[in-house]
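Labels run A, B and C following the written order; every chain starts at residue 1.
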Amino acid sequence: MERLINIDRRIIFVFVFLGVAIPLLVDIHLPIKPTPTVRSVYDEIERISIEDPDRPVLVSFSYGASTVPEMVPMTRAILRHLFSRGRKVVGICLWPEAVGIAQPIMDELAAEFGMKYGTDYAFLGYKPGQHAVVLNLGQSVAGTFPFDTAGTAIGDLPVLDGAKNLKDFSLVFDFAAGDSMEFWWIPFGQEKHRFPFAGGCTAVMAPDLYPFLQSKQLVGLLGGLAGAAEYETIIGVPGSATAGMEPQSVTHLIIILFILLGNTVYFITRRRGGTV
Amino acid sequence: MLFLTRTLPFLFCFVFGVTSWIIYYVPHEYAQTIEREFALWLRLVFAFAYVLGLVSLLSLHWAKIRQRQAGWAYSLIVYISFGVMMLFVVYNDGNGPFAPQETTGPYQWTFINVHVASSATMFSLLAFFISSAAYRTFRARTPEAAILLVSAIIVMLGRVPIGAYISDVIPEAMQWLMSVPNMAAKRGILLGVSLGAIATSLRIIFGIERSYLGGGDD
Amino acid sequence: MTRDRYVFVGFLALFLSANAILVANGSLALDWDGIGVMVAVGCTLALYSFLYKDNALFKVAEHVYVGVAAAYVFGITWYNSLYGEIIVSYFDIGAEGSTGGGHNPWVLLFPTLLGLLMLTRFSRKFSWLSRISFAFVVGVGAGLTIPRFMSSFLLGQLEPSLAPLSLSWEGLNLFLVLVGVITVLVYFFFSVEHKGAVGHASRLGIWFLMVSFGASFGYTIMARLSLLIGRISFLLDDWLHVM
C-alpha cells in the first residue's frame, strides 16, 4: 500500500502526458454547453452591435507569454466576433509581453474581415503604470496613448474620432492573466465611468471574479480554456480551445482518479492502524 | 541630513497621498487636471522602475560571475542571451532605437520562438507537479478537507464537457457552487482585503508604515 | 558513461534526428519560420527535461529565457514609454505626415526627474535620493486607492449582498450568500475569541471558505493543464505534424 503512494512521480507524469497527447491524436468530440457567464458576453456584444453600433470597443490585453495557450484562443474568439459584427476595435496593452502576442492576432483577424487599420481598428501598444493607465484613460485616451505603435498621432486615427475617454467606448473588454480586471479596471475605471465591462481571464483568476458578476460590475466572464471553448461554440467557429476540451476532460478524470486512489489507500491504511 | 533622508520623503508621501485622495471627491476641472497629471507622472515613473529592476537583475548575475560563485557560468549565459536580444532591440529591424518599434525582424522572432515557448513551457511544468502533489498529499483527513475535495471534484468535472456527458446535474452543481458558496467566500475575502488595503494606505500616508523607504540610514 | 549521460545523448540524438527527418520530408522548411519552430521545440524539450531530473540543459534553457525576457521587456518599455512618450515629447518627434502629438515637455520634467532619482538607488552615496521617488509612487498609489476601494469593493460589494430576499430559489441563494459573507468575515475577525455563537459562525465560515478553496484548486488544475495542452499541441502539430 505504501509503495502505491510512494511510486516514482515520473510515472504520474507519464499518465498526465498520455492523458493530454492521446485525445489530441484521436478524433473524439464531446458536446460543449456554454455557461451563463460566457453567454452574457456574447449577448452584450450582440446588444451593443444593435443599440450602439458606432462607438468603438476598447480591448485591453493584460497577459503574457506564460498564459498564451489559455488567452490566445479567447482573444481570437472575441476579436472574431467583434470584427464579424463590423465593430470598430481599439487595442491597448497593460502588460509588456502582450504587445508581441496580441498585435499579430489583431492584424490577422482584421485582414480576414477586410478591416482597415486606422479606420476600422487600431493598436495603441503598451504603457507601464498598471492602474495609472486605466485612470488616465478615464480622463483622456489621447493623453494616455498619444501615438500608436507605428508612431501615428491619435488625432490621425479616424477610429478614435469621438472617443475622448473611457465613457466613449460602447464596451471595454479586458483579457487578464493577472489581477488587472479586479484591481485596475474595476476600481480605477468602471467604478467612476460605469461603462459596460466584460473580461476573459485565466482559470486561476476566474473564481475570484464571481462577486463582480453578481454585483454587475462585470457583464460577463470567459474563464480559462473552457470559457474560450464555450465562446467558440456560441459563435460557431471551433478552434484550439474546442480541440483542447477532450484532453482537458481526460486529464481531469485521471487526476480525480489519482486523488480518489490516494484517499482510498489512506483510509485503508488508517483503518489497519498504519501510517501513510 | 535627517530632514532630506527621512522627513522629506514622508512629506512627499503625505502631500501627494492626501491630495490624490481628496481630489477624488472634487469634481472641479482643476482637481481633475491634477488627477490626470498625477496618473501621467505615476506611469512615467513606473517606466524607470523597469530599468531599476533590469539593473538589479544584471547586478545580481554580475556579482555571481565576478565572485565565481556556484553556477556562475549560467549567469554568463544570462548576459550573453540578454546581450544578443538587446542587439535585436537596438537594431529594430533596421530602423534603430529612435524610431517606432517594428513588428517584424529578429526581435519578434526571438520573442515568439524563445521567450513565448520558454515561458509557456515553464508554467506548463506545474501541471505535472500539481498532479503528483494532489495524488500524494490531497487527503480528506478532516470534514473541512473533505468539503474542499468534493468541491474540487465537482468543479473539475463540471467545467469540462465530460461532466455534462456523465450527468446534467454535474455542470448545474458546478454553476451553483461557483455562484453561491464560492462567490460568498470570495466576497468575504475581498471585503477583508479591501479593508486591509485601505488601512495600509492610511498608515503609509500618515507615515506609520515606513517599509517602502528601505533600509540604510534613517 | 553514466546512465544519465546516455539519456542525455540519446535525447539530443532523437531531437536532431526528428528535425532532420521533418526537414527531409518537407514538413519543416529550412527558412526562418522552420528554424524558429526547431528553436522553440528545443527550448520546450530542454525545459521539460526537468521532469526527468534537474540537469544542465534545463538550467541553460532557463537562463537563456531570463536574459531574453529581461531584454524584451526593456525593449517594450523603451519603445512605448521612455522613447515613445518621453523622448518623442521632448524632441517633438512624430511619424511622417503626422499632426504631432505627445505631451507638453514641461509637464514631463518632474516625472522624468523622479524617474532618474529612482536610479540613484544603486549609488551608496546618493541612494537616499531614490526615497523621494518611492515616496511619490507609494503616496499617490495609496491616495488613489483609498476612495476607489471604498467605492468599488466595500460599497459595491455590500450592496448586492443586502439585496431583498424572496421566497424563491433565487431568494434562498441570496440568503446563502448573505450568510456566507457574514460568517467568512466573522472567521477573519480575530479580535474576539471564536467560542459559542461566534465559534459556530466561524466554523460555518470555514466551510464556505473550503468550498471556495476547492473551486480555486479545481480551476488551478484546469489552468495548468490548459497550458500543458497548448505546449503538447504545439509539439504534435506545429513540429511533428501528426495532429
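Keep in mind that, in the parts below, a residue touches a chain if its C-beta (ideal position, glycine included) is under 8 Å from a C-beta of that chain, and two chains touch if they have at least 3 such contacts.
Just so it is clear, the structure is predicted and the values come from calculations on it, not from any experiment.
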Taking the mean of all protein C-alpha atoms as the centre, the chain whose own C-alpha mean lies closest is C
By Cα centroid distance, the chain farthest from chain C is A
Per the C-alpha centroid definition, the whole-Å distance linking chain B and chain C comes out as 6
Cα centre of chain A to Cα centre of chain C, whole Å, reads 13
Taking each chain's centre as the mean of its CA atoms, chain A sits from chain B at a distance in Å of 17
Check: chain A positions touching at least 2 other chains come out as 13, 16-17, 66-69, 97, 99-100, 125, 127-128, 132, 135, 143, 147, 149-151, 203, 207-208, 211, 214, 224, 226, 248, 251-252, 255
By the touch definition above, chain B meets two or more other chains at residues 39-40, 42-44, 46-47, 49-50, 100-101, 111-112, 115-116, 118-120, 122-124, 127-128, 131, 134, 149, 153, 156, 159-160, 178-179, 182-183, 186-187, 190
Shared-interface residues of chain C (touching two or more other chains) are 51, 72-73, 76-77, 79-81, 84-85, 93, 95, 103, 141, 144-145, 148-149, 153, 157, 177, 212, 215, 219-222, 225, 227-228, 230-231
Within their complex, chain C touches chain B through residues 32, 36-37, 39-41, 43-44, 47-48, 50-51, 59-87, 93, 95, 103, 107-108, 110-112, 114-116, 118-119, 121-122, 127-128, 131-150, 153-154, 157-158, 161, 173, 176-185, 187-188, 205-215, 217-222, 224-225, 227-228, 230-231, 234
Within the complex, chain A is touched by chain B residues 32, 35-36, 39-40, 42-44, 46-47, 49-50, 99-101, 103, 108, 111-112, 115-116, 118-120, 122-124, 127-128, 131-132, 134-136, 138-141, 149, 153, 156-157, 159-162, 164-165, 171, 175, 178-179, 182-183, 186-187, 190
Listed in rising order, chain A residues that touch chain B in their complex are 5, 9, 12-13, 15-17, 30-33, 35-36, 64-69, 97, 99-101, 103-104, 107, 125, 127-130, 132-133, 135-136, 139-140, 143-144, 147, 149-151, 203, 207-208, 210-211, 213-214, 224, 226, 245-246, 248-256, 258-259, 261-263, 266
Residue set of chain B touching chain C in the complex reads 4-5, 8-10, 12-21, 24-25, 37-52, 54-55, 57-59, 71, 74-75, 77-86, 88-89, 92, 97-98, 100-101, 107, 109-128, 130-131, 134, 144-145, 147-156, 159-160, 176-195, 197-198, 200-202, 204-205, 212-214, 216-217
Seen from chain A, its contact residues with chain C in the complex are 10, 13, 16-17, 20-21, 24-25, 66-70, 96-97, 99-100, 125-128, 131-132, 135, 142-143, 146-147, 149-156, 186-188, 190-192, 202-204, 206-208, 211, 214-217, 223-226, 240, 243-244, 247-248, 251-252, 255
